[in-house]
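Below, chain A partners chain B and then partners chain C, in two separate complexes.
Entry: the complex of A and B
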């Protein structure tokens, strides 16, 4: 293993983040694999209904939300928080103080996900989309998030480089966004449920804000850090990024209520209005990425961190355009209640956000831990597996969803015929999920191997210290200091 | 670990990313304004302006009101007009002006202003012989066109006659028609000579 030379401030910053990042990303990698296994089971049930049908814990109604939540709460959010912690420390050139608290918070977060997923699989789901975790799990998650966000904000306040970079706006907004929407939705839906159709409205509002606004804030904030890094050119430009930021949080937060919703007409109309206006931040992000990468002299090998982030940005633009299309009444008449929706969600969660996080983690984790990736070739292979997996999942389901919608709207076609026509598309999407599962396993393998290598080096160092000859007390003392520095 | 796997991370950490200060392109501002305008037009046409009663596919409170069933005198007039067109309009005319040598006018007729029993007697029992309407003598014969109508339908058509074409003589209720029907039952068709 090549030890990376650590000099200057950056090494100190990286070292301070080592243990929190390993705690956050290690659990995230585990839940990522769990989510793709659950998603595979759910997908197989569509063309083999007898599959695991006798096990109540693995029925479709439990497995599908468990897979979605494991991906979102198990992987996306802790990965995003870890990347945010690293970006704050790097951009502010300030090492993280009191790193034990984020480590405990990360463990707590993953415990919350464990409690929540067990709750869903044992049949104690709350029944609200993206809020299925039972109450105990939600409380642990919120508490862990607040701790992590507090530490990130303290690190942000203590930054030595005072000037702000566009990534700062996006990430700070995201840190505040999640506690706001998560606590509001949980209070009004789970703790003291509001009555009637207002429940559905709050559910749509929460899902729209979490899946579109929060993921976009973290993912785009991360991409804005890496675009200039990889291209070697400045971000194009500061003001366009500011424009994208404000239009995103201004218009994005109104989206989410579908045009066919059985609520007073002004709500879906306002939501469609806002959704069409989110074209503006999406185009602004696309323009920033295009202009920053145009003429870049990057010669990174295929499948490296840059490829992940570039694919993530393309998925962001495409998935947002799909979301905006679904907010238009004419299109929604066809696509609502079809496979088009799940395809869009998968592109947003996995194609955009998870891919961006993979790129960022593959870039930053070797720096933070101080070792090269144990299996860099497998990391590149993961890019191809994940990319083709996402494409094989979303392209058939998006096309099939439109066909399904047209058939459902045609009174001459029986419901069962319209449903059966989806089988070839569903089979292809299962193959896509299989590729995603393989890709996720390679990611987890790299993260776990890296943790193992780091732990082994700690043991080796401790062993050296213990077995060091006693006649040189000064050398032994210096070694002990080294070890202490690593453990911080 | 082979050499080709070493990425650029062994280089010394470089400076943080920078951002250029070029301005926001004008096309995106124009696009925002255009979308805001189109969105506002769409909102104006479809939202019902925050009315909690308006659901899709209806777009405004006015449109919703036009589908509501009418009540009171307006609905009675509309119903009476429909009955009038079926039973009376052929001779007395949709405009209530009557037809020469066929039927006397109802618009402005002093008969429409008489008490309800006298008025109801004409459609209930028919009318034969000379009659003076608006200063002119008519000597014709009318069958009991309203005898087969229900009390509600007859009340509606009488209301229509008393309240249309400039007549303002008040509405007629079904109970009044019922009373009139009872009062004249068994009596032969009358032939009043002139209004009293």
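Entry: the complex of A and C
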């Protein structure tokens, strides 16, 4: 393939993705802001329990899950799907055909999130962590996902560059795994619920696989595409990446059942064992990132996207290690049921996944849409806000959580004292949430402005087309002139 | 593409393994679970909650109480006591055995009065051994088993929660964060009236409570010809204006019924305790 055809092809690939990506990312940016607003409302209740206490829609037990789900289903998954679509098309050098379907699917997805969040806030949550969306919302989500995944897979199958990259492995597995776990969980927990504690087991399996495995597959798959781009040398190495992939899906999928859960003992034991083995893929990812970035020719790669993805990878390693630690019975005795858990989850969802997606989107969206970011400075600022935000959120909660756990383990300390000791940490984390909210708003601003600029350019184009007939007289005049009818 | 199909198959197997392990296998093992019998009794456990409490569980779900509360008690171990109930026909032989196994016999009235706790803080094996020796000597003993651990010491339960406790719950709401106390045995600690007061104004019964109030589950209304019998008896600083009363909505009543029904204390084979 010569250089020119490659180039024109890449333009064609980018152009084919423009509208689906704007649809996915636009909605995602919106839910991202919604999620941080809801999280702020929830957090304020630890400063003033009476805050909005008369409003059933905004009670803590509804706002908090709604905030979590808005982040996961509203932002993380559609952002991941959009990035996956783009990566498939780029790696396979195949433009997306029938782009209208992913556009419709993206809109459907965001509609599903709207239905789901309304369901939670109106008191129709299913009561299962990370699966709170009521049935109607879940069905829409699953349908939209299947359409998007189908189009991504068709694009994958039609790729012109036949070689497979490590990113492919991660992304294909992820595309395929979500419908499996999501339909299983919805069928066995919501549609035809199984009895008793099996519900809890399936719930843990689902949540673990969605939050840890799915996000890791998509996030790491994305990072493995960008690392060589930033460092200017190939992934170090291809085989280590495949090793990380296989160990991740072999061990990671079994994590999630807490030690000491009221279930037959083999389950938590097996789950803890798998969690310990999950150290292997996590360290492999860390080694790959380290070796690919260090020793690269342009040693300090610059640019916003790079900072986001580097921070995302560090958060991945840290949050995974926290997850693994929580699966060890000794540590779990302290950290279980404390704020350490929410801190870990937030680091995984926001620190790792969302940050990686920000980086990827800031990189690819200008290429796909064909305009520079409207506010590149704000994107830089967002990095600092989001990074400090997530640190200010998770560090106090993790430290406070350990302290809370130690106090709860000492029956001589009254429960209320342990809870009160947690308040300063919770209140600090509100500041973190505020920074995250600001960061998220800047992200949304860039995405919306980008959409606006693009729409304006469309209107301009349309305008030129509409105004084109005005030139006709002169054209016909010249025609007549050519035919010698008009003599001057 | 040959490569692709192979990868796909392998990925399918790798991922599907966990599905078999944590969806299929638990359902096969526990899906058909039935009631069990309570230890040393012919009663079955668990029995379903009364209708109002079942509806209350859905109020609990709708308002996300499980975001802040767990419903699962942990224990770290058990501790046994040996109680002498009968010194038998040859108290001297029993006394001798007791001396051998290190019973502290400081009081002069030994072995009276019976029953008498003679050994504490034993493991199950030690207790069984001691009991065996005394029984052979002609005495009779009982072994009391108590669970240990911080949750138990806090009074959140008498034993750890086990799978049987959740047989009839829909949905099962174990919770994962203890922003508030564990509620697996909330019904054993407080009555429905307390629950209603606490839901309306947590601070009215628990000083400095950080639990958000659930005032929207109550109706503040003008007192009619007669005050409602259900009206809350609130302390003055939480009471509404004169001439008004706070009446729980049906949801609040159901929720209180649910909370009062939370009680998992039955000794089971999987969680043996013998108080």
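Going forward, the second predicted complex is superposed on the first by the 454 of 488 C-alpha atoms of A that agree within 3 Å, B and C clash if a C-alpha of one lies under 4 Å from a C-alpha of the other, contacts with A are read in each partner's own complex, and residues count from 1 in each chain.
Just so we're on the same page, a residue touches a chain if its C-beta (ideal position, glycine included) is under 8 Å from a C-beta of that chain, and two chains touch if they have at least 3 such contacts.
Quick caveat, the model's predicted, so the values are computed rather than measured.
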Practice problem: Once the two structures are overlaid on chain A, check if chain B and chain C clash or fit side by side. | Solution: clash
Exercise. Classify the contacts of A:264 with the two partner chains as first (chain B alone), second (chain C alone), both, or neither.
Key: both
Exercise. Based on the superposed arrangement, let me know which partner A:172 touches: chain B (first), chain C (second), both, or neither?
Key: second
Practice problem: Would you sort A:423 into first (chain B), second (chain C), both or neither based on which partner it touches? | Solution: second
Quiz item: Of the two partner chains, chain B (first) and chain C (second), which one does A:337 touch, if any: first, second, both, or neither?
Solution: second
Exercise. Classify the contacts of A:101 with the two partner chains as first (chain B alone), second (chain C alone), both, or neither.
Key: neither
Quiz item: Touch check for A:411: first (chain B), second (chain C), both, or neither?
Solution: second
Self-check item: chain B versus chain C as contact partner of A:146, first or second or both or neither
Solution: neither
Exercise. Decide which partner touches more residues of chain A, taking chain B and chain C as the two options.
Key: C
Quiz item: When the two structures are overlaid on chain A, which partner does A:200 contact: first (chain B), second (chain C), both, or neither?
Solution: second
Quiz item: Residue overlap on chain A between the chain B contact set and the chain C contact set?
Solution: 260, 262-264, 270
Quiz prompt | Complex contacts: residues of chain B adjacent to chain A | solution = 1, 5-7, 9-10, 12-13, 16-25, 28, 31-32, 35-36, 38-40, 42-43, 46-56, 58-59
Exercise. Show which residues of chain A lie in contact with chain C when the two form their complex.
Key: 45-46, 49-51, 53-56, 59-62, 64-65, 123-129, 157, 164, 169, 172-173, 176-177, 180, 184, 188-189, 193-205, 209, 246, 249-250, 253-254, 256-258, 260-264, 267, 270-271, 333, 336-339, 341-342, 408-411, 415-416, 419-420, 423
Quiz item: Where on chain A does chain B make contact in their complex?
Solution: 1-2, 4-5, 7-8, 10-11, 90-91, 93, 161, 165-166, 224-225, 227-229, 234-241, 243, 247, 259-260, 262-266, 268-270, 272-273, 276-277, 279-280, 283-284, 287, 300, 304, 329, 366-367, 372, 376-377
Practice problem: Using the touch rule from the top, collect the residues of chain C that touch chain A in their complex. | Solution: 1, 3-4, 7-8, 11-12, 14-15, 17-19, 21-23, 26-27, 29-31, 33, 61-68, 70, 72, 74, 76, 150, 153-154, 160-181, 202, 206, 208-216
